[in-house]
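Okay, got some structures for you below.
Heads up, the next two complexes both have chain A, just with different partners, chain B and then chain C.
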Partner chain A sequence: MTIDIPFIWIAFKEIIKALPITLILTIVPLLAGFLIGIGVALVRIYKMKFLYRIANGYVSFFRGTPIIMHIMVIYFGFPLLLDQLSLRFDLGIQTNKIPIILFVLIALTLAAGSYLSEIIRSGIISVSNGQMEAAYSVGMTKFQAMNRIILPQALAQSIPNFTNIFVGFLHTSSIAFLVSQKEVTGAANIVASVNLKFLEAFIAAGIIYWGITILVEGISFLLEKKVTAYNRGGVS
Partner chain B sequence: MIYLQGIKKSFNQLPVLKGINLKIEKGEVVTILGPSGSGKTTLLRCLNFLEKPNAGIVQIGNIIVDSEKATKKEMLAIRKQSAMVFQHYNLFAHKTVVENVMEGLIVAKKVKKKDARHQSERVLEKVGLSDKLHHYPSQLSGGQQQRVGIARALALNPEVILFDEPTSALDPELVGDVLSVIKSIAQEGITMVVVTHEMSFAREVSNRVLFMDEGVIVEEGTPLEIFHAAKEERTRRFLQRISGESFFTPLKEQVN
Partner chain C sequence: MGKAFDLMLIIEFIPTLIQYLGITLQILAASIILGLVLGIAAAIPRLYKIPILNQLVILYVSFIRGTPILIQLFLVFYGLPAILLLLFSIDITRMEAIYFVIITYAISNGAGFSEIFRAAIRAVDYGQTEAAFSVGMTSRQNFFRIVLPQAVRIAFPNMANSVIGSLKDTSLAFTIGVMDMMGRGDTLIAATAHALEVYLSLSIIYYIIVVMFEKIFSKLEKYFNRYQKADVTAVA
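After this line comes the complex of A and B, so read on.
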C-alpha cells in the first residue's frame, strides 16, 4: 500500500465543506450549555431546595456516561417518545421529518451543560468570599453581587478551562457521524470509502481539526491576557 | 444613631456574643478593643448583617431590624445605612480604583454614572489617590488599597462607617498613612465604629472606648477613663500586656 500525497489535498478540499456542520455541532451546544451551566452551578452552590437534587443528578448522570450514549439514547429514544405523545394527544408530529442534527445538538448541549456547570462552579468558588462581603457592604443584593462582582471574575479565571472544553467538544462532535450526520469525520469517511483512500482522507481531516484547535488556542491566549490583566499586578 | 439591644450570636453552639446592648450617637467615634476571640469583629459584622445575629434588635438611622425575623429586604435596607472597611481591603479585583468607588454609588444608590465618577474622584482626592484612578487593586500597595477601601465606604455617605481592623494587614510603615486618613475623616464628624489594635489611635481619635471579652462588653468609657483609670481588672490586664509588648511605637509619631 502506498500513500497518495496529492490526494490529501483533494480530500481536504472535499472534507472542509463539512466544517460548518462541525462548528455548529461544537459552538451551539457550548453556548446553550453555558446557560445551563450557570444555572446549575448557582443551584448547586446555593443548595436551592429540591432543584439542588435534580441538578446533582443531572451533572452526575451526564458526566458519568459517555457522550456517544447520550446521542444514541436521544436519537433513538426521543422519536419514540414524541410518537407516543403525538398519538395520544393527536399532535400530528412526524418524527421522521425532524432533522437529525437537532437530536445531536440536544444531546451535546445536555452533556456540555454538565461539564460547563462544574467549570463555572469551581470558578465561582475560587473567588474569595471577601468579594461577596464587600459587595454586600456597599448595599448590593445577592443577584447584583453575583452579576457584577463574582461572575465576571469567576468566568475570567475559567477561560483556560473553557478552551479545554471547546477543544474537547470540537473533537467529540465527530461522534455525530455515527447517526449519519455529515460533519468533518463523516465527510472524511465518505471520501475515504468512495476512493478507497482511508489514510489520506483521515490525514486531511486531522489537519482540519488540528488547525481549528491551534486557532482557538491562540484566540483563548489573547483573550485570557486581556480579561485577566487586572490580576497580574505591576504598574501599567 | 445606632442602637443595639440584646444581640446574641453563636457559631455551632459556641456563644460568641452573649447579649450586647449599645447606643452610639451621631458623630461619635467608638473604638472596640479586646483580645482575639472576644467577639469584637463579630459584633461589627452583626451591625451590617454580614453575620446575622441569632437574637436582638439592630437599629441604624431610622431602620430597625429584629434579627430573629429579619427579611432579605430589611437586611439590605440596613446594609445601605452603613459601609465597611475590611481588614483585607476586599477591593473589587476586576475593577479599577475609581470603578471600585463608583460601584456602590451606581448599583445601590442609583447615582448616574457621570455624577458617580465626579463624586468618586473627589473622595479619592481626599484620601490622596488622585494619581491612581485607573490602576487595578493588584497594582497598589497595601496602604493604597486600604485608602481605596476607605474612599469606597466614604463615597456612599453612610450613616456609619464600620472599620474592621483596618491596619492589621499592613506593613508597619504604611499604618500611619491609613490612620491619618481615618483620623481626618473622624474630624469631619462621621460616625465610626472601629475595631482595632492600635492603642494610640483609640486613645487619640475616639470619643469612647469599649473593651470586650468573651462576648460581653466588659467596660466602656472615654479613652482617658479606660487607659488611665480602668475599673475592671480584666481591662487593666489586657492594656498592661498590650503596652508591655509595644516598646517600639513609631506609629504614634506618624499619627500625630
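After this line comes the complex of A and C, so read on.
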C-alpha cells in the first residue's frame, strides 16, 4: 500500500463536482434554521407561556443528541408518518418519490435552529439594557427597538459564532453520505471504492473541506471588521 | 415484524444498547486523556512562539478545524497503516478499529484543547504575572501557582463543551466498524428491521448521558468559580 500522489489530483477533480450539494446541505439548513433560531431565542428571552417550555425542550434535545440521530430519525420516521397521514386522509402522497436530500435538509434545519437560537440568544443578552432604555426613551415601540437597535448589534457581535456554526455545519453535512447522498464525502467514498484508493480520495476531500473552511473564515474576518466598525471598545 | 412502528420496542431496545455504552465512554475517556497531553504539547510552542514548531502547530490546528471528523477518521483509518508501513515497515492493518477511532479523536481533541489552553492562559491578566514577580516568585512558580489555576477556571466551560461535542462525535465511530452503541444499533436494525425505534432509543440514551454530563460540568464550574464575585449582567 503506497500513496499515489497524482491520483489525489484526479480524485480532487472528480470530488469537487459534488461541492454544490455540500454547499446546499450547509447553507439551506442555516438560512432556514436562522428563522427558527430567532423565533426560539425571542420566545426564550421573553419567557412566553407554554411556548417557552417547548422551546427549551427543543433546544436542549437537539443540542443534546448527535446530529446523525436527527438525520436517521427523520429519514426513517418522516416517510412512516407521511404514509400514515396519507392513508388516513387519502392525500395520495408517495413517500418513496420524495428525494432523500429533503429529509436530510429537514433534519439539519432543525439542528441548525437549535444551535443558532443559543447563539442569537447569547448575542441579544450581551447587548446592554441601556440600549433598550435609550430606544424606549426616544419613543420606539418594543418591536422597533428589537428590530432596529438590539438585533443589529446582537447579530454583529455574533459573527464569530456564526462562522463557527457555518464551519460546523459544513463538516456536519459530511454525515449525509451515510444516507447515500452524493456530497463531497459521498463522492469521495465512491471515487475511493471504484479505484480502491481510499486514502488518496479522502485526502482530496479533506483538502476541499479545508479550503472552504479557510475561505469562510477569511470572509468572516473581513465581514466582522466591516460590521463592527462603529464599535469602539473600551481602550481603542 | 408486526407493526411498522412499535413504541414499546424503543423501551425494549434500550437495555440491549446500553450494554455498549461502555465502549462509547472508553473511546471518549481515552481520546480526552490523550487529547489533553497532545493539547498541552501543542499549546507550548504557540505560547512561547518556538519557531517552526509554532507554524507546524498552526497548520495542525487549522487542518483539524478545517475538515470534518468523518474525513479525519477515514484518513487515519486508511492513512496510518500506509504511513507506518512505508516509514517503519510496521504492519498495523489488523489492529482493531477502536484504536483508530481513539487516535483520530485524540488528534482532533488535541487541536481543540491546544487552542482552549492558549486562549485561557492569554486571558489571565498580565498584571497577575507582574504581581507574582513583585513578591519574588520565579517564572515557574508564577506559572504553576498564579497563572495556571486561573487559566483552568477560564478554560473549563470550553473544555466541557469540547467533551460533550466529542461524546456526540463518537456516534460516527461505527462507520469504520467499531461495535459501540451505534454499531450495535446497526446490527439490531439488520435483525429486526425497526430502524426508527433503534435510532429513537439511541437518541434517548445519548440525550440522558449528555444531560448528566452537563449537570456534572455545571457543578464543577460553580466549584471553580467559588472565589469569583457574582457576575452582574443586564438581561433584557
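For the reader, a short list of remarks on this structure follows.
Assume the second predicted complex is superposed on the first by the 232 of 236 C-alpha atoms of A that agree within 3 Å, B and C clash if a C-alpha of one lies under 4 Å from a C-alpha of the other, contacts with A are read in each partner's own complex, and residues count from 1 in each chain.
Methods note: a residue touches a chain if its C-beta (ideal position, glycine included) is under 8 Å from a C-beta of that chain, and two chains touch if they have at least 3 such contacts.
Computed from a predicted model, the values in this text were never measured in an experiment.
When the two structures are aligned on the shared chain, A:230 is found in touch with chain B, with no touch to chain C.
By the touch criterion stated above, A:102 is placed in contact with neither chain B nor chain C. In the superposition on chain A, contact of A:139 is made with chain B only, not with chain C. Contacts of A:61 after superposition on the shared chain: chain C is touched, whereas chain B is not. Contacts of A:148 after superposition on the shared chain: chain B is touched, whereas chain C is not.
Set side by side, chain B and chain C differ in how many residues of chain A they touch, and the one touching more is C. In the superposition on chain A, contact of A:156 is made with chain B only, not with chain C.
Of the two partner chains placed around the shared chain by superposition, neither chain B nor chain C is touched by A:48. Contacts of A:209 after superposition: chain C is touched, whereas chain B is not reached. In the superposed model, A:172 lies in contact with chain C only, and not with chain B. Annotation: chain A residues 128, 130 touch chain B in one complex and chain C in the other. Interface of chain A with chain B (complex): residues 128, 130-131, 133-142, 144, 148-149, 152-153, 156, 229-236. Residues of chain B touching chain A in their complex: 48-50, 72, 76, 79-80, 82-84, 86, 88, 90-95, 103-104, 107-109, 135-139, 152-153, 156, 162. Of all residues in chain A, only 1-3, 45, 60-61, 63-69, 72-73, 76-77, 80, 83, 124-125, 127-130, 132, 150, 167, 170-172, 174-175, 177-178, 185, 188, 198-199, 202-203, 205-206, 209-211, 213-214 touch chain C in the complex they form.
Of all the residues in chain C, the ones that touch chain A in their complex are 4-5, 62-63, 65-72, 74-75, 78-79, 81-82, 85-86, 93, 168-169, 171-172, 175, 182, 195-196, 199-200, 202-203, 206-207, 210-211, 214, 233-236.
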